[in-house]
Amino acid sequence: MGNRPLDKLNDALENSVLVRLRGAREFRGTLQGYDIHMNLLLEDAEELVDGEVTRQIKTVIVRGDNVVYVSP
Amino acid sequence: MGNRPLDKLNDALENSVLVRLRGAREFRGTLQGYDIHMNLLLEDAEELVDGEVTRQIKTVIVRGDNVVYVSP
Amino acid sequence: MGNRPLDKLNDALENSVLVRLRGAREFRGTLQGYDIHMNLLLEDAEELVDGEVTRQIKTVIVRGDNVVYVSP
Amino acid sequence: MGNRPLDKLNDALENSVLVRLRGAREFRGTLQGYDIHMNLLLEDAEELVDGEVTRQIKTVIVRGDNVVYVSP
Amino acid sequence: MGNRPLDKLNDALENSVLVRLRGAREFRGTLQGYDIHMNLLLEDAEELVDGEVTRQIKTVIVRGDNVVYVSP
Amino acid sequence: MGNRPLDKLNDALENSVLVRLRGAREFRGTLQGYDIHMNLLLEDAEELVDGEVTRQIKTVIVRGDNVVYVSP
Amino acid sequence: MGNRPLDKLNDALENSVLVRLRGAREFRGTLQGYDIHMNLLLEDAEELVDGEVTRQIKTVIVRGDNVVYVSP
């Protein structure tokens, strides 16, 4: 099965990631943790809607089933 | 897997959180509890729709599968 | 995990609750029972659509996966 | 957990119920059976769309995950 | 639980059924089989969209989670 | 339960099938494989959107939960 | 069951694939890994929306339940 997608999340810990959610929402922030549901823990994040920064967020727990993709 | 996202919810107990739901709805309130489905128990909450406060709610149980993110 | 959200439903038994469903629908009524899926049994309920009372209902079984939140 | 919601369906067997589905659809008919998924068996039912009767149906098996609520 | 809904599908084998799907689609055809997911096997079916026949289909396997109701 | 729907997929192996997906998308192609989730493997397929051929595809793996129906 | 669809993903490892997601989004890139949920790991990918390239992405983890199809 090649490199497991979730293992790649592990490699991205402590690094900046782009998280695309369903709808027009994205987060950029530092990946501090994840679990098998792809729930994500981000720190020092900014929320973007339609590409515009709408919020600065110190800590955010994203529920996995809203995630479309994560890019380290 | 770094810090588990749900553990971060545990750290947020008794503190104010912002909860973004699917659609245009948000809650701000004090996190009193949660479970593995990310069902949440908030107290002294206000409900916001499109950023406008629409209700003051003493106690609210939010069903987890509506949650997009939680920010402590 | 603090106070479990479903335990709070237990505390609300025999009391009036507000139930918000997906879409524009709400119920107000007396909570007579629930289960782990958050299926709810309400009595002496009124159904509201966009805040307008549309029906008086003696007994209603609400399927849990339509529930956004319950407020005791 | 009070009275289990599905037990209330049991009490409603052989009686007329109103079944609200996702979208604008409802059924009124006699509840002849159900299962744990809330699949329902109705007889002598009428289908309503936006409150207008669109069909008379002798027997109908409704798939549970379309059900919003059942009112005996 | 009265008569199990899926048992009623069994009674309908080899008979004509109406199958309503999510969206505007329906099938009328002879029920040749089903399984516990409510996947259906129909033969000599016609597909209707908004009540208009759009296709004649010799054999069709319908995936259960699209089914709203089945009427024998 | 009559003929199991998935067994009918087995009979269709190596033959041309029409696959209707959610939305306006269809595939016509040769069924080379499937699994219990109704994931499908098609070869020498054409993709149609609103009935218009939009792509010729040598090999395509379709994720089962997008499938509405398969017609051999 | 013929050739298992996921086995075909295995054959596609290290090769270029087209991934169609729900909505108007596609990725083209090199498949580096996958898992049983059809979570995908792509490298040297480009994201397309309505057929227009919108981003070059070195590494992307796509959550499986957004996938409509994968074409090697």
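Which chain is which? They are A, B, C, D, E, F and G, in the order written, and residues in each are numbered from 1.
Note that in this section a residue touches a chain if its C-beta (ideal position, glycine included) is under 8 Å from a C-beta of that chain, and two chains touch if they have at least 3 such contacts.
From a predicted model like this one, the values you see are computed outputs, not experimental measurements.
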If a chain touches chain A and chain G alike, it appears here
none
Chain E reached from chain B - shortest hop count over touching chains
3
Just the number, please: Cα centre separation of chain A and chain D in whole Å.
41
Could you please state the distance in Å, as a whole number, between where the Cα atoms of chain B are centred and where those of chain G are centred?
33
Taking each chain's centre as the mean position of its Cα atoms, how many Å separate chain A from chain B?
18
Which positions in chain A are in touch with at least two other chains?
9, 65
Going by the defined touches, start at chain C, step to chain D, and keep going round the ring. Which chains appear, in sequence?
C, D, E, F, G, A, B
Note: in the complex, chain G contacts chain A through residues 9-10, 13-14, 21, 25, 31-35, 39-41, 57-63, 65-66
Interfacial residue positions of chain E with respect to chain D in the complex
1-9, 22, 38, 64-65, 67-72
